[in-house]
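In the two assemblies presented below, chain A is common to both, partnered first by chain B and then by chain C.
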Partner chain A sequence: MTQSPTLPMTKRDLLSMIGKSAGATAMYMAMSSFGQAQASTFKGPIKLEGDPRGASVLVLGAGVAGMTAAYELEKAGYKVQVLEYNDRVGGRSWTLRGGDTYTELGGATQHCTFAPGNYINPGPWRIPTEHGGLVHYCKLFGVGLEPFQQNNYNAYLHSTKAFGGVPQRYKTIQADYYGHVSELLAKAVKKSALDDAVTAEDQAILLESLRSWGALDKDLKYVKGNASAGRRGWEKGPGGGLTAVPIPSEPLDMHTVLNSGLWRAIGGNLAVEHQYAIFQPAGGMDSIARGFDKAVGHMVRLNSKVTAIKQDARGVTVEYLDTRSGAKLTAKADYCLCCIPLSILSQIEVQVGDSLGSAITSIPYLPGLKVGLEFKRRFWEQDEQIYGGITSTDLPIGQISYPSYGYGSQGPGVLLGAYANGAYAYEFTTLSPAERVQRALAFGSQIHAQYQSEFLNGVAVGWHRVPWTQGCFAIWTEESRAQHYRNLCQMDGRVLLAGEHASYIGGWQEGGITSALDAIGRLHQRVLAS
Partner chain B sequence: MGNARFLLNFTLGAAVGVLAAAAASAQTAGEAQTAAAMSAQTVKPGDADGAFVTGGKFSEPDGDKMYRRVCAGCHMPDAKGSVAAGFYPALAGNPKLAAGAYPVMIVLKGLHGMPPVGAMMTDAQVADVVNHVRSHFGNHYRDKVTAADVKALR
Partner chain C sequence: MTQSPTLPMTKRDLLSMIGKSAGATAMYMAMSSFGQAQASTFKGPIKLEGDPRGASVLVLGAGVAGMTAAYELEKAGYKVQVLEYNDRVGGRSWTLRGGDTYTELGGATQHCTFAPGNYINPGPWRIPTEHGGLVHYCKLFGVGLEPFQQNNYNAYLHSTKAFGGVPQRYKTIQADYYGHVSELLAKAVKKSALDDAVTAEDQAILLESLRSWGALDKDLKYVKGNASAGRRGWEKGPGGGLTAVPIPSEPLDMHTVLNSGLWRAIGGNLAVEHQYAIFQPAGGMDSIARGFDKAVGHMVRLNSKVTAIKQDARGVTVEYLDTRSGAKLTAKADYCLCCIPLSILSQIEVQVGDSLGSAITSIPYLPGLKVGLEFKRRFWEQDEQIYGGITSTDLPIGQISYPSYGYGSQGPGVLLGAYANGAYAYEFTTLSPAERVQRALAFGSQIHAQYQSEFLNGVAVGWHRVPWTQGCFAIWTEESRAQHYRNLCQMDGRVLLAGEHASYIGGWQEGGITSALDAIGRLHQRVLAS
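Showing the complex of A and B:
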């Protein structure tokens, strides 16, 4: 298929035509291009067929990767034991709520005092439709999903260098940006500037599409009127009765829109992993940990710090410390599936060859910081009509994300008051937790004046201070992928690795799950062949 | 203004390398694009010690401030590191600092889970923070590394 379909042809017509002319593979490819196939490599529940004849596997780490592997391996007939450093399962799939205590590296302890029902997910907080593996296990373990508001057109875009620091509604910036770009492109078409690139017939279609995309008027201009106000919002909105007549708002001029830099925030919302529908587990991300726990908890030994991973021709031996009693213990199995983050694994004695050893020690971990802030009331909903979604800012807090649950609640509300990246994440992390909260509050009050008077309390997690990951997740570059990725994923004797770090979906739970499924599939083949 | 010379170095190009690394990970693809695009472009007054000035580079003007606002996040304010599931090595009294080139390489290239933070510093900033660590926290090395040394190792 090199020709684009003509407009009257329906998608079903097209698929039928491809199916007849080019067979199933082309059909599948075409369907993928319409986004109807799963986007990650997850293709439905794994089937590990054949008898493992009593083979045993020691899984290290009870995050979603380790728990996925443990669940599927046990189901396939393996003897499975899981060692977990923390006193809970789930790893980074983690939620902080009232009553929780968190002690970071350096010893600072935070006592979360959020009101019942309020929470913050310091780690992963979203589940894209694309992530079919995680969605599958959520269904399997009865984890309820609810919509996550990724892009709220009523939330703000904010820059300290634009509009005098006054936040702008997302919808006004996007409407004005699209509108002006459309008008310019239409002007170029009408001036015949694109005659060498676009046929006359296509130009007519293009102009019509620009009118639609940019909310242009009959003269292909982006101007004050019902069309533009229908996108960017009204000066006075429509209603009923004698006060019904709407008054359109005045669009920003193109110079102002371009120089504000706020258009920079639009691209990120177009990424597949941020497209609707996108979900969160009801009640907090640790619902996933609890779901898995029901199925694999009996295999997991908590409070177990791995200190060495050894192997020979007959099996693997893992030395570990019971962090409660201090007892030095060992565990043995035929194989080891290691899901420990590389930031930790690189500091543990691991008996593997040079290529895997080098891969383990070569991948840095991303800094990141999240702050949860609780306020006396949901002023963002009550005063500003922002229900969930994200405000983006050039301030060090990076963004403010409003809760995608409990809309309209009258009691205290918790929002994500910072998700800092880059230099800001390092700089935030050096502060004490109380100072991080205070700084997030001070920065955020430039966007929401209600911050100072409504503030109750907060918690702050700097990921490089998290005792069991020392960072958010693996940072891969094109160079490190080329040099180390395959080596990292290859089985080394009786040891193989899984986790988000062994995936191309870095930092997402789907990366951990697809990595685990890929690893145990290969492990199973090896066992059947031995 | 002590950090004026660093402020002059802020360019879009400088920020891009760091952000490209972050954007390579999907979790922050959108956030990194947005945060990078939004924050790395603007320079703010920031803290007195040079923190919170811009997202794409470190703006701390001397070795002491760089240590306190960047390195201490992991190696701790007293440079004694910490231990849990893994560990952050102590820089205090660390014999591996004897040859100045070694810590320069670590800052520039990273090691184990440590990111190559030197990618977000100027040569002078790298030299300053290495010299600071080598002459504090129980370390008494008198020789200094220079910005030229750093440049040669980049």
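Showing the complex of A and C:
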């Protein structure tokens, strides 16, 4: 196993990792758009039938995967102990709010000063409907879910290279893209260019559908008028009385829409994991950790830094450090379910065979950055009628996400001022937290001029400086899946891995949950058979 | 003015109205898809500057339009009195919950027995972001807004004529329609059929965009694979551990998608008034009435049925009946702002000129029906993973809408079991309320088999039997707009009309608000000038 690199990383380490990670990020983005990171196998509560006859399991890591396993194993009759590095459960399922303190690798400490009720989720922040496992545990533990605004048609698409840097409303770009696509296809059909592909009967239906879907006029053209304005918005909206008559807006021409590149945002909103209905836990993502905590807290030993995982034919021995007292301690059990991220596990002595050992050290982690910015007021709602949702930009901040809670409230508001990946995330994180916040503020000002006058404070979490993960989540490629995935998931003696890294739903809590359920199912069969 | 027809209506009346209304409904639907009923002129709070020197205004109807006018007129210094037929304010902005009683024309009384917290909004139920006037008054009066699920990709599209009547998930139909449209357009581009319309440079971008938007493969085909499954859903979703590998689902072929007609639902979800973010008042639409009530309640006389509106050079006199005591009473003021729906106003003696008089009697009202059904449990969430949103069907119920509140709760749940318009609404409303509920239940069972075993109770509001409106909202056509709209909105002596019927945002509360603001602005100018 490799040993931990000296921290903080040297510039060479950084650049080398940027290189690797830029490719990995691109790969993840491609994978994501190709649907790898979506939906779930979850089909209902797991049933572990049969008596484990006192078998004990040591679970490492009290994130969502570890807590799922601990809960179900205890329910099935196992003796369970969980070791957790942090002074809280939840792992990356985490919320920062006023009063919280966070110290990253390198020692920089941030004191969050958000007003009461405001927060950001530095890690996962959304729960798609299809993530049935997570939804199940939320219900089980009384975690209230509220809608997350994913695709707000009133939010912006922004490119520094289009429209002179002026942000465009999502609805105008999508409506115009759909309008031009439908007009072009109608034109091709009418000139008989698709007679070999579509029957005459289907052509008639197709044209009717294009008119309806694309908001075309009676001649199947996408033109200025009530039809297009009803999708893209009005020059002057309809009203009442004698000032009622609306004035349509002028659509963008096709060349402008295509060349803006802003159409790139549309596909992402159609992906299964971004489709409505999509939720967030009311009050912050750590509601999930608090929900689990009630059920598994009694099994968890906090402030416990695992330093070695050893096993023999009779059981596992885990060495760990009490991070408060400095005491070196040992825990033993019949089996170990290790939910520690590979980015950390690869720095720990683990007694496993070559195939698992090689898998553990071969999977890079996505660098990511989230910045929460608090402003004196919700100017995005009050001035720009943006209630929740996401503005996408080609600036290094990647996106701005407006809070999906407290709509219309009058006090200070917190938005997600950056969600950057890959090289941009590294660049940001080389700066001090205060400088990261200033940088997010400077970039965001190009989209919202109110940033400078309304800013109050911010926090910035660069994930490769988060002590307990040193990265967002595992990046798999087609090649690494083929070479390492099954090895990573196979039980090695008495040690078995789980977590989002041991799933096909990488980067989502559902990956951790389905991975944990799959792992304990196999563990249980092994115990019953032994 | 015409007098009220004897009620209940004869079959001949009904059939005649069905005939008229089917056309009108079709026209409204066409108008709606052409964007007439959207957005708003609202640009911020109205400022009525200048002293009205004690002028008085009698407002008829304490719906959203009347209350908006009363609030703003009193603030500007007017003496304001409001007469309201019902024993509550709000008009069509109304909520039915357990304990409520409702008696329709014809005398049938329904006692709503929904469990605490459950409700339906028989009238308006949504607040689009663009309806800035309504959003303004909600903020002003502390009405909490929460997201409304409009377009839930997990809800169904259902046609009795397609897929053997088996409902299809919205996401599969949309993904497959987009996939086939993009593949066809890519094919046309590649065979140079659009070289006259798109430059070579733009063609390259267009193809790239089609691949991204339509989830096409590397050959620009829409085929079974991770790309399409990431939009339409999986045969077996991805998971964790050794059961992780997902299996893509098989897309529908183009002919099937086109011939199903289910693509018709997509365009409606792209319309400005249905675009995310879209809201509902937390706790029911009557939160809006309660909000206004705090500010205008002291001006409102409830249980007051207007029987005549008279005017001369010195003022207006309104005759009304106290519906509790039966007393005939009179109210006087300098001006009258009449917000009574035309369907009712056309049955009242109104002293106005021919042009306004003719306008009042010329505009038909949409028949509509809403049925609320309570079930023992939220089977749509628990069994089918549908959290809010709308299932569309060609059955007479039109749609099923799942509650956008209380997600995941364990007790009984109420869904909107029918929202029918036109002839279907008439047919439904000829039945007794209990029979309407049974009919909605029978139709809905074709979509949700659980209906029969889980049903508890229901309420059914047929809008042309609602005593205070006898219809949903005014139906304008291009012809009636040209002939009557300005006449309807012009001040006639001392009488001026407002309401959604005097707007281009028909059927939405924003129409009532913008109409009221436009009307009182003109009234105020008249007062200052006199």
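Assume the second predicted complex is superposed on the first by the 491 of 530 C-alpha atoms of A that agree within 3 Å, B and C clash if a C-alpha of one lies under 4 Å from a C-alpha of the other, contacts with A are read in each partner's own complex, and residues count from 1 in each chain.
Following the convention adopted for this analysis, contacts are C-beta pairs under 8 Å (C-beta built on N, C-alpha and C of every residue); 3 or more make two chains touch, one makes a residue touch a chain.
All figures in this text were calculated on a predicted structure; none of them were measured in a lab.
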Check your understanding: Which holds for A:R264: it touches chain B only (first), chain C only (second), both, or neither?
Key -> both
Check your understanding: Which holds for A:L58: it touches chain B only (first), chain C only (second), both, or neither?
Key -> neither
Exercise for review: Based on the superposed arrangement, let me know which partner A:V198 touches: chain B (first), chain C (second), both, or neither?
Suggested key: second
Practice item. Between chain B and chain C, pick out the one touching the greater number of residues of chain A. Key: C
Practice item. Figure out whether A:I513 sits in contact with chain B (first) or chain C (second), or with both, or with neither. Key: second
Exercise for review: For A:G398, decide between first (touching chain B), second (touching chain C), both and neither.
Suggested key: first
Point to revise | Partner chain in contact with A:I505 - chain B first, chain C second, else both or neither | key: both
Exercise for review: State which residues of chain A lie in both footprints, the one left by chain B and the one left by chain C.
Suggested key: 261, 264, 267, 271, 504-505, 511
Study note, to complete from the structure: Residue positions on chain A within touch of chain B in the complex are 85, 105-106, 124, 159-161, 261, 264-265, 267-269, 271, 273-274, 305, 340-348, 361, 363-368, 392-396, 398-399, 419-424, 426-427, 429-430, 439, 462, 464-465, 467-478, 504-508, 511
Check your understanding: Which of the residues in chain B come into contact with chain A in the complex?
Key -> 18-22, 24-42, 44, 47, 51-52, 54-59, 68-70, 72-74, 76-77, 82, 84-88, 110-117, 120
Point to revise | Of chain C, residues touching chain A in the complex | key: 33-42, 129-130, 132, 135, 138-139, 144-147, 149-154, 171, 174-175, 177-178, 181-182, 184-185, 187-188, 191, 193-194, 197-199, 202, 205-206, 209-210, 212-213, 215, 225-231, 233-234, 236-246, 248, 254-255, 258-259, 261, 263-264, 266-267, 270-272, 275-277, 279, 385-389, 404, 407-408, 485-486, 489-490, 498, 500, 502-505, 511-519, 522
